[in-house]
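These notes open a run of structures that come right after.
In the two complexes that follow, chain A is the common piece, with chain B as its partner first and chain C second.
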Partner chain A sequence: MSESRTQRRKRGKALVSPLERDWSRVVLELIDRSPIVVEDEAELPPPPPPAPPRPPALVQAVQARMLTFEELTAKIGHTPHWNQLFGKYKRSTDYKAMRAEITKVETTAAKGLGTLGDRDFDAMATALDELIAAAKRYKAAHAGKENKVGAGEDVLASAEAEKLALAAVRADPAFDRVKDHITLKQAIECKRRGIAFADCRFDLYNDDKATAVDDNFGAGMANSVAKITYEDGSELVFKGEKISDTQQLGIASAIGIDGGAPHNGNRNIATSAIAEFLGKPEVVPKVCYGLHSNPLTGQQEIGLLMTKGAGKTVNYKDEIGNNKRRAFWEPGHPPSDDAIAKLGEQLTSLDWSDVICGQQDRHGGNLMIEIEGDEVKVTGIDNDVCFGKNQLDPNGSKSKISSARTNPPGMPPLIDKKVYDRLVAGDFDRDLAPTLSGLLTPEELAAAKSRFDLSKQHALGLNPDYVVADWKAWRSPAPDLLTAAAYLVAAGNGFQQNVHGGWEPSESSGGLFARDFGQALRRDGKA
Partner chain B sequence: MADSEQQRSWCIRVLGVDPAAPGAPAGPGASVLAGWQAAKEAADAQLDALARALRSRGDPDFDQIAEYGLFGITGGQSTVGLIAALRGYDAAAPAERAAAGAALGKAVAAWRAQLHASALVDALEDNPLGVTVDLRGTFDAAFRQIVATLRQPA
Partner chain C sequence: MSGTTTPPGETPAPGLPSVEEAFLLLRRAGLRLPPIPRELVAGFTRTGEATWQSGDIPPGDLDAVLAAGPATPPALGFGHLGHGTNSWHFVYHLVTPSLSLFLRIPYGGTESSDPASLAAVNAALIRTEELVVAADAQAAAGRTLVVDDALGQSWWRRAGSDRVEESENPLAAALAA
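This part shows the complex of A and B:
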């Protein structure tokens, strides 16, 4: 540029020539309408919102259900007595006080969570305190009258639990995620089930957003089980979340799941967290909580929504109700080597997730498989019976805990390289405890840490010969040089022959792969 | 390099790049992404020099251009698509190379068309501050290498 100083004009403290000024104006205008710059910036997707945190610890206020006044009346046996002599002689004073406070609590609880401010919450807490005081007075005044004392105790217990649940609702860090979609009563129902709002997607998954509902998907169950298709195209299975489980499986009780407060949905979410940690989130369903009206009761239920596993379950019931193992291919037409490799990789990864979770219900009805050409999809479904507080050993094969057994025994004899890398680099307290502590009780968390650490030790022992980077190319150490499929099948299906030639449970196996596919693969010369 | 005149004319017609023009051909197995990244670094260095010159003037308009106007050209969503195609080609198995090459060819052609049609690039290359900016020349050299790689037998 050759410009004299007089050609320059001053803008602020800068000296800019007319030519440069014209250039800058043109460039600024071009920047404003340049598709290169403007469209690119406009098209950038917004950053995903940060995941809301769970509360630091699980709160499950099972008893938090206010007695209605009608229920209280039924327990006491009569309605409050009228006052006499124009109020000079007051009667049923504490009973009436309980009625008044119950009405206050019910009125507030029926309101939308997002419409309530701190003052409303404080007023409800005060009403509960008044109710507790009235119930105590009522109990004291009717000492010796069993039904009345019992009624007072019931009111007391439910009001105390309601207070705990109310505090948990207010303290939940993800309160904002649900506040515009549920009432305070529903929020308290969440806390009765130990649900963290971070795991709720009531905004996406409610009946207003459903385009198709099949309520007969799990007809006859205690809680509704429905298959629901939503506006966003997702097809999910809804299972009403129980507060307590009066028909608990024996194995669930054996591993220490409290039937009074099972928080089964949380066990499914925790399972998903473990599979994700291992780098294999696809081997279990994606899960969250949603809302759906139970067709039998007409009531809106809170329940767990799960992605529907692809394919079919390994076991099925025949027409007379016998449990049968499904044939996934015709004899002589086994899947491709690629598919067998993927089946081994995914089933073994599910084995690893299961031992860390302490899964005790991985029977063939809870395992879905799809094999299409070279592609395979394995999904371990219904992850309710796991994370028991009593099961410290990941090798807690069911025969060690209960006479029935549904899981393949022993620790997995192979490990996928990705799972290995994640597991050995992982630290339970650092990587998993923050996620799991809002889902499980402290005892369940401690047992999970124990299983995690022992699983890690087992994985380290498999390194390097049994860490599988390529499931098709891997061979067992010389001289056997078995394929991964043959090696897993050779490790056994969970049973061994005894001295009498009969079969008895063994304590090791080649996991789900050997249990469910070993026989067919052997038949077809693939193992 | 193109194997024949027919291939060369296809490159000129479809991709807008002449593989016979000067530019070192990439060797077999060369990373097309690395070639692009080298060109991007060279282009960014030129834009960086221009930005420094703009900021040195202490003028708010110049500052604004330096801050917001320059680096969107070598970044942004359309560039993300190009980079995805470059990565896809590098990662493709031999059997998938043809399809990945076709996708990359389209991405290069689209990105290059945008670069050459841009009045903003015209203005930056013709800046009055005496800073040499040659974005089209810089990227075209890289694209020639990429096209040469695409035309090599697998």
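This part shows the complex of A and C:
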């Protein structure tokens, strides 16, 4: 990265490295106690606010009942001094042997992929075999010492995984596409994340091609997302790709996503493939893998690059803590009929893509909308929780699976003509399996085929009355003659009144359009 | 309280050392330490990259909080959880004999890394302190239930009532009742 680019880079503020470290760092940290909290040059957020003035009795009651921020502030009040426990350990012979093998592996792995011949790959495989043997000896020598056995097991598991990954690197048919842009270590990291080289654009999207970087675009204690502008003018969002997800969402495990190998990037790419197949690629981000250096470690990481969704998310929380559905227009000033038609078309098309993908996470924070005049852009983002192997039914993204339902219930009640034509003419094995098989496990692929076929049956059942060629002119069958907007809203927002007068989840709805815009459109006489 | 903490890279011991670590990491992120009932301090421990808990319910597990019955032992959990670019939340739950509370507030995603998002989290944590006291005062009537969930519904149910009340801000509504 050039100096000028470095200067334009905004440093990240994440407190803890967002990515799982590679095995050598894991073991070195276990033994050498390297810091996980990185003191970087980031601009810190403002300090947390104190509690507001309270009646003395309340202050007393809070203090008696709980340990609070105020109490900790009073007692600590300054940044602590880390206990000095670094270094000065007597190393065992077995530790030194294991460490020597790690160094040998790292030396080979640091070489550029394109510079390696068959002999180098064989040498790497041999070095990994020797590391596996050294790790086994280390474990055996420290039997009964939990920490050291654990460290040995970590090295063993990682070395074995890397050996498998090494074979996958050599076998990838798109090897030539990446070989001049990454090291062997990075190639192995790709394979440990289930990444096919065909989905990588390391040539276009690396830090040498970046003209501006904002590492603080999305950041919290355990998350870091960068916004990067490249020489070709594209502005993309970069999210490092994890090997595993140790704190998986309950719904992700419920639909059968393996937390040990979630391959979230691949799920986003598969989602993009479905939307493209349906003729609506614009309703989800364009995605590929790229390289970007982690602001905390300085190391280049592999991650998913996505086009940034236009507009704003549907849901947000205001400063005083109220949950809000965003008002995309002022009351009494609804969008034009053209815009409403486009909103219906795009949101319903996203519904169709979501049911085929088995999307489980289309809450209002994962849906971005921009309405400007007659133009509308709908983008479904964060397509990680989908393509579960357990979900055979496209109508399964419902409370049947989890109480934390985030998708509108039911199959879409309308279908865009273009989506319909593509879907009913489509054959999963012919049109989608060749692309998806490199992204999903065989079980996930089988589940996707089931959802696809059932979605197709549902689409055929909607023909001809509910296939919409013109979203502005379409009317529901007589006698109702509802507009598309009114028809979707009438289909419900996903809730129904129960016998007690309260609300409970329903089993059908008018999809995202009705859930997120039904109330405002009805208020303004558009539905 | 020592003013020192465990070496970087190590997990501190359960109890006060873990509380201290949580306080420092949260403060550096601009977040208040969520209230920790004193009976839950001893079992308090770090469970993930940025998550802590005391008791058997892991952070973010709404179903477990909703399933808590009269015999469920007290439990606390909080931290930063999520996936992707914008699906990130600060989660907090507390189950005591007088209160079941679940918060899932947008924080640390591409649309929630601004001062307003921090303010919303901190405001909720301040209200939570007061709600714990208020719920204790109603303990004889039963358990107050409050769910403020950015991924689902936001509602509350007063102690001794079967009636669910939806609210844009169930914490504030429960406190005002």
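Here, the second predicted complex is superposed on the first by the 382 of 527 C-alpha atoms of A that agree within 3 Å, B and C clash if a C-alpha of one lies under 4 Å from a C-alpha of the other, contacts with A are read in each partner's own complex, and residues count from 1 in each chain.
Basically, a contact is a pair of C-beta atoms (placed from the backbone, for glycine too) under 8 Å apart; a residue touches a chain by one contact, two chains touch by 3 or more.
Note that the coordinates shown come from a computational prediction; the quantities given were computed from them, not determined experimentally.
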item	value
Partner chain in contact with A:52 - chain B first, chain C second, else both or neither	second
Chain B versus chain C as contact partner of A:76, first or second or both or neither	second
Chain A residues touched - chain C or chain B, whichever exceeds	C
Contacts of A:498 with chain B and chain C, given as first, second, both or neither	neither
First (chain B), second (chain C), both or neither touched by A:299	neither
First (chain B), second (chain C), both or neither touched by A:322	second
Partner chain(s) touched by A:225 [first = chain B, second = chain C, both, neither]	second
On chain A, the residue positions that both chain B and chain C contact, one per complex	13, 15-16, 30, 34-37, 44
Parts of chain B lying in touch with chain A, wherever the complex brings them together	57-62, 64-65, 68-69, 72-73, 75-79, 114-115, 118-121, 123-124, 127-130
Sites on chain C touched by chain A in the complex	1-10, 19-20, 23-33, 35-38, 41, 48-51, 58-63, 66, 79-88, 90, 105-113, 115-120, 122-127, 129-130, 132-133, 136, 148-152, 154, 163-164, 166, 168-169, 171-172
Chain A residues touching chain C - in the complex, by the definition given at the top	13, 15-16, 29-30, 33-37, 44-49, 51-52, 54, 58, 61-62, 65-69, 72-73, 75-76, 78-86, 216-223, 225, 227, 237, 239, 245-247, 249-250, 252, 264, 306, 312-313, 315-324, 361, 363, 365-366, 381-385, 402-406, 502-503
Sites on chain A touched by chain B in the complex	1, 11-17, 19-21, 23-28, 30-31, 34-37, 39-41, 43-44
